[in-house]
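Two complexes follow with chain A in common, the first pairing it with chain B and the second with chain C.
Moving on to the complex of A and B:
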């Protein structure tokens, strides 16, 4: 079966399938519609599925690791097309992925799940402001952390970085300590490491 | 428009700040149309809710307003509003930091004033 056959078949199964759109999207991804589906690389097999998914007018779109095997350019393109599609025709899109940083700004709500439990559920902005890091000499960092909600402390050679929930405590901070925001991936890793 | 998720400032605030800055510099003149929520969302790859949150800050402050069916436009008098806002923030943002650092360095008030005077004359 060739990709264009597949596109035609989809149209027969799904009333709301837009074949023209699918062909247009395939072109955007450099997906050869004349290619045999079985001969596609892993990446292009994924792209083929994404093209079909974006051409369906389902009210709910569930994407499970949609960009695995895609290079950076194709990942960017997919997010862009997904966003444009969403803006044109709002529907509920759920993306399951471990690529937090890439997807966080795209979505309205991020839910962090670990071993079947919801660890956190908030917007990307709220998640980013839910924690911070404090770094400096190990002794200073430990003094700062006393009694606070610490996720983890990385220490090496007398220098330490502590990851905490909440917002920096201005009274405890001093010149020798540095605070910084925690990126979402780090936050996720530290949250799940702690097993909270 | 430069939005950086790594910064300490939430995305929606960054969006508001950027548009505000564009109004201040005159990149958007009063009466000009500013990009719509959807246009910015598509351009930046940021969820439209977040963008809208940022735009609403500016609407509340009277910097931009919505024209039904047409989009968001820069309010008359917006530039002056932004200027006044930045002027009152000037002390907290720049002067306090300047004085704190000067004191750390052990500079006297006179030395700081001297430096500022030189800065004004040479800039």
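Moving on to the complex of A and C:
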């Protein structure tokens, strides 16, 4: 089946499917509508599915690893189109992804799940402010971390970066230490590594 | 809406395939008839009358897996997929029956040289019964093909083929080793097909209807547990 045949069939199976929008999105992604769906690469197969999903008039959109196989440019385009779609027609979109940092600016709420258990559930801003990182000389970092809730410490050649929960302790900080908001990807990795 | 779209999707593909088949067979028969006319000879290919009964299970086998995946991705339930597949195969069988009946009416040599039913059961039976025989016969073989395809998807090709081979082997063993079994089997088959003492012309039609129903039942039961990846 060719991509344009699939778009036509989608219109027959789903009442709220917008075929014109699907063709517009396909053009935006450089998806050849004359190509056979079976002959598409992994990336373009994903793009084809995303195009169909974004053209459906559904109240709930569940996207499981939606950017699998996509290059950076197409991932960026997808997020942009997803936002435009949401602004045009607000609906509930649930994205299951390992690339948290990419979607963090798009989503309202984040749930971190590990082996079927919810490890953390909060808004993206709350999640970001739930932790921080401290970097500097290894000895200074170790001294800072004494007695605090440390997720993990990465050490390399005398320099260390510690990932902690909570907010920075101003009394412990000094000129040789730098703090930064926690990287959500890192938070996810550390939480799931700890198996909490 | 989904069921209607599914039937349309499958039926168009199947009827198109059946139409191409009819064109090819028609071309062969026409070529043979032309050769016969030019050479002044009496030529026919009556065995081609069996071909539609082989076409339908092949179509069922070749399209089933792909269709079931596609239709389930479109949101149809398993019973809906079976209903759509049965309706679509039925449409193809009806199409073949109509073509057969049209050939009986329009082609002068068809009843006595090409129609399997009329040659076997008598030329007086007419196009209506010929249509029914073709349609039901194709439905029976496609029901068997559908059951095989569904079992193949559920249990795997190797298991199903081995099971069928085992059944055939057991059947052959019984027929060859049990006294009178072969004759009894031949007699029963003849009776079921409407030949022999006490047989009715309705027998083959009933046989085809029962085989169709059994095939659909087996397919439905197998599809209920199929996993689509």
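Points to keep in mind about this one:
Methods note: the second predicted complex is superposed on the first by the 194 of 196 C-alpha atoms of A that agree within 3 Å, B and C clash if a C-alpha of one lies under 4 Å from a C-alpha of the other, contacts with A are read in each partner's own complex, and residues count from 1 in each chain.
Here is the rule we use: contacts are C-beta pairs under 8 Å (C-beta built on N, C-alpha and C of every residue); 3 or more make two chains touch, one makes a residue touch a chain.
These numbers were taken from a predicted model, which means no experiment stands behind them.
Shared-chain residue A:15: touches chain C; no touch with chain B. Contacts of A:129 after superposition on the shared chain: chain B is touched, whereas chain C is not. When both complexes are overlaid on chain A, the residue A:104 reaches chain B alone and has no touch with chain C.
By the touch criterion stated above, A:79 is placed in contact with chain B alone, chain C being left untouched. By the touch criterion stated above, A:183 is placed in contact with chain B alone, chain C being left untouched.
Among chain B and chain C, the chain that touches a larger number of residues in chain A is B. Across the complex, chain B meets chain A through its residues 5-8, 10-12, 38, 41-42, 44-50, 104. Taken together, the chain A residues at the contact with chain C in this complex read 9-10, 12-15. Contact residues on chain A toward chain B in their complex (touch as defined above): 79-80, 83-84, 87, 101, 104-108, 123-125, 128-129, 175, 180-181, 183. Remark: chain C residues 1-2, 5-6, 8-9, 74-75 touch chain A in the complex.
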